[in-house]
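The structure appears right after this line, and notes come after that.
Chain lettering (A, B, C, D and E) follows the sequence in which the chains are written, and residue indices restart at 1 in each chain.
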């Protein structure tokens, strides 16, 4: 049973991630007053990307991409959803915090081979941005862990069963809100898409990706969408034992993130960091203080 | 320091580059140390081509200097030829010209809105602006027979009279645009992030703006009330009642808001045009194009394009084709002098931001 | 738009919450046009691919000339028959060049070239972008009916039928459709004397008129003499009448005459004239001739080496004069014989003074004379000098006698009538005839008009202030009347009465033998089914036209009486009773050449000049071959 | 306008002014005094250099430089002209007077080949690897050049045909 | 998605993927680009067919050459084209790249684009309207289906010719050949 989860949970995560990617394009299109692509479009894109002849820039380049994807897939295994959590026993939220750094590292590794100035700028932006959101993120996770006195994500979910959602509990309301604010930053969407910023640095780290590499990066992106949102659902919306419910919760949160995406332009790097350290961090800190106080 | 210095080529193949232009940036981290604009990707040698074509053959040619807003180019050419050949344009043609100038200003500003917002990564208003502009292109098509290159303001007047029911369609469009303005306001112009991104960026003092040859929004964004339409009214602008919007900031924010306010004024001018439109003929026949010779002489004419003063220095040596034509395009100075200056010390995230707030259009630089 | 709500922004720094208003569009229907599932028609004026009505297109090539991109080339189409004024060339458009500006539409004189609203052509082969535009009416395979049309396979060869977009508009076309008004003496004034009716252009007017020329050169093909019309008009536009004269004199030695009475084959085919008024080519030629005055000084004609050959020319009409001129310029010695006291031939007697003053003729003749052509006036060949002698004495003989004999109707009492040429000759060379108060002119041609109008003037001179009348009778009805429309119009203005479709039957005399009137019968038809002249009449419808003088102006015939009978037998004629000449202008008698009205059927000066030009070349070749 | 012409004539030798219709004034100055005229004009309120045009009068073997200057307040537009020799054309730069003159001079340098002394940046602006005479000169035969340069390159069909034969 | 489409997907996923996921390299080569933003934005919305602009040529497989090409741009175009991943498709817009168009006698624009890089389809017009661009894309689909959109293969196989022409125009080139050149045929 556990073994099956090792396979099913990444696959489900992938399906949901891809679906969300398709959906995001539809929803954005609607706000743009247009129809947008079919929901299947990301899959079509993947098929195409995999069928392309691809230029490699050396073994490190390849390893970086794979590392990034592997790290993300590994991360899935630590996240409880739909009653599944293949690696629930080992470390929980702390491990998640740790593994989350893999993906940007992988990108940095492969990007370094690309010899394109846009990439190095993009990567430095990515790290600065991570610095921006990691601070509130750690604070949020800390607050959650402290509140529920556990480092296990599964336990956090369990503690919130029967609608004792953390988001609506007084101490964790502020960290929850802070999490919503940093979701765009974690997903790399507006107003925090400065790392990829196509109009500024030609999609930054991905500038030299093409074909299969880009496909892998897209898959990684699909996973990370899922992970980011699933974490929120787990920590603040009580997760769910049912895949469908879980998915619905993910959907709602994702759409909220999308709406932020739709109505703001992009931050400049220092503005982004300033914002992230100012509002979400303060809110998360306040939450932590409250949690510690009670 | 030298180690961390990177040379970054911005464009020509670049999502952030509207038009085919390239800027090489010397960057350190996110800061630009120096910038050098490298134009010429669109250089076709228009002024040379014009020397090979006769007065009428040049008329479809010149509008291609600026694909986004071809009207002012057609207009200066028509005005220059009229002034050299001494042609009087019928009154109605003046009004129609005013109308199409303002339509094209509106269309150009909407394009600018698209470009500017998408440079900021803000797709929503960008998509709206481009979508709304398309209805204007439909109107252009109705009036002139083409969406982009209208080839309509010809020496002697305009090429065809207004089609039936055109005024009503235009009015309907203007009302629709006016109805959409609150959306643009709330989503974009009143967006805090737009303020954050644009205010203080690309700041230029009024003195510098004048000394470096700035026109249009560059001056008006510094609080200088300068507009050829008022300074030296051409077409029917003398009869129109409008204001010159200005802002004091001198930064991208001010310039963009000036553009916005100008759209409001354009809508008002268009409505006045429809109201006051006189009847009569719209085209004073010019001599047969194969024989037409224009007496020796020279002239400089200028109009206020969407981006500033658009001028044409036209010399005739008495032949059937121009002896020399030289366009004074707003983007030439804005793009090659002011842009380079403003980019110094700017953040690389703001290259497109500054470039588009200066309203730089590459083909106009290259010609 | 002017209320505060929209013109001013609420907050200087903006807000972070208002942007969320945009989300309302999530719940609204998008405005996207779902092309190609939803189509959108291009506007009525759309400038798409070309259409060309081959029936209307004259192949003038103006579109190719105006195209700033040289996208249009004129391609020969074998299936079209070329004739003067209609070339068998049609424009081929290269869509690898075309910029869809529509200048070609605005310059197209017949308005045959239009732009359609089709604009989709996508292909991987660049050569498929060249296309000979042709109308949907004639080319079914390219143009499909609207119901079988599909945008998905639209191309140059798959287009909607009858889908016109940007079309020509005479108010906005690039050429001037209206002629510069030619000042004329008013009808009331001109009928009182023989003053020249047409005043002529002044410099400004001539330049303005010359400016209208599109230089398509259709006229040059239509002109029998193939004059370099565009060139001389261009020279007039450039304000260089001398240069213009030089161009004219290359092909036509009689600019002053032709500038007044030319039958204008050119203007009939003029591009501009298809939808507007044709260029006033004749008046421009007249302007050039009048502006120059002294041809010799203006042209500075270089004379070639004399050849020592001698050519005799019989008749100093347009044909004879031209032949003398052209041959003289080839270095031959020319002698011209004419029975009249001055040069000009038919021109001298035919066209009335108000149309062709004598000094105009003299100017042309004296120029030819100044080149060294010898004239023997008042010398009738056959009487004063024998034709055989000429044949012996000269290396070649040219007959350009024209039609000097008026035909008579031959009806009862027609001997009482006056013949047209006699009447005209007396009025031009002599003192003028005594006319009566009521005159009947038989004929509907230009000569009849001339006669009628001359007679009218004589009446006005001889009976000033009295009531007079002048009537014409012609077999032909209005629609087929051979006289030109201008002539008829002017005659009407001056007060000539017309009786078309009546045939003369008898000149009615009173008891004293004076003419009382002309009995006419109604014409049923003029031509038979083969188009030959064979009038039929309603014998029961008759009318008596009252008048006391009848002039017959029904046609002229040549007078070959000077040729000895033996030789005359050798002279071959065509079925239409014209002298048969070969491509060199030589008749069936060796050494004898012919031209002018006795050869061609156009019966006008310019054709005579063309004949002379051909004969001159022929004679020159003939003479040089002899050596 | 007349007053300005009078003033200019008074101060600078051989300088002439002529009105070209409404709000246009043509000032002709000899080579030596153009920059001084410009300086004077700037001091009297014509702050902005709009453009510099160059006209090639090949028949007279001269280039004509036209400085377009205007003030911000009045609609008057001045064209200050001077003629310079066409062979080895040189002219002092106007950068000390108008800061933006450099770019116009760079354009003229590229398209006409006029050397502006004192201008630090005369690098090619539009063209790359240009080997002919400057293209805007009247003796540059554009159509001939196009024929030689672009039409000499074989099309794909020609290449295939060549390969097969 | 109807059955036919499904079968096609199962049979030839590569082709179908390429067809319905055309990512255009965003390069405003010339004036024709003015009709591209309308196509991509809300009024016409090319994203319905999966067409989006992407930032770098590495990610793109559709190259819209929008209008006349100056020599300087041509260099950038070739560079961009060579960076794109195969299979890649090019569409030429308007008259100018076909036979010079408006600028047939300009000294700085090339007259026949297909002498320098392969072009899979041409759209007539100056400029091609959005509708024409859509139809152009459908035609490109048809060509991909039938295996006719093989410009990139032509480029690879006749690289001597293309590189030769490029060198003829530019003199020397700053970057090394993409494919190995056959010997002796370098002079085009």
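Assume a residue touches a chain if its C-beta (ideal position, glycine included) is under 8 Å from a C-beta of that chain, and two chains touch if they have at least 3 such contacts.
All figures in this text were calculated on a predicted structure; none of them were measured in a lab.
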> Quick one: which chains contact chain B and chain E both?
Replying inline: A, C, D
> Going only between touching chains, how few steps reach chain E from chain C?
Replying inline: 1
> Which chains are joined by the largest number of contacting C-beta pairs?
Replying inline: B-C
>> If I average the Cα coordinates per chain and compare with the overall Cα mean, which chain comes out closest?
In response: B
> What chain lies farthest away from chain E once each centre is taken as the mean of the Cα atoms?
Replying inline: C
> From the centre of chain D, which chain's CA centre is farthest?
Replying inline: A
> Cα centroid separation between chain B and chain D, in whole Å?
Replying inline: 23
>> Can you compute the centre-to-centre distance for chain A and chain C, using the mean CA position of each chain? Integer Å is fine.
In response: 86
> Quick one: chain D and chain E, Cα centre-to-centre, how many Å?
Replying inline: 38
>> Report the inter-centroid distance (CA atoms only) between chain C and chain D in whole Å.
In response: 52
>> Can you list every residue of chain A that touches 2 or more other chains, as numbers and ranges?
In response: 29, 31-35, 198-199, 202-203, 262-264
> Considering chain E alone, which of its residues make contact with at least two other chains?
Replying inline: 41-45, 48, 54-56, 72, 102, 104-108, 112, 114, 126, 129
> Of all the residues in chain C, which ones touch at least 2 other chains?
Replying inline: 19, 22, 30-32, 34, 42, 68, 99-100
>> So which chains actually touch one another? I want all the pairs, not just one.
In response: A-B, A-C, A-E, B-C, B-D, B-E, C-E, D-E
> Given the complex with chain A, which residues does chain E contribute to the contact?
Replying inline: 1, 13-14, 16-18, 20-21, 23, 41-43, 45, 47-50, 54-56, 58-59, 61, 83-87
>> Per the contact definition, I'd like the list of chain A residues that touch chain C in the complex.
In response: 27, 29-35, 259, 262-264
> Can you list the chain A residues touching chain E in their complex?
Replying inline: 25, 29, 32-38, 40-41, 44-55, 198-199, 202-203, 206-211, 214
> Along chain C, where are the residues that touch chain E in the complex?
Replying inline: 30-36, 40, 42, 49, 68-71, 94-100, 119-124, 126, 129, 151-152, 154, 156
>> Quick check on the complex: what are the chain C residues that touch chain A?
In response: 19-20, 22-23, 25-26, 28, 30-32, 34
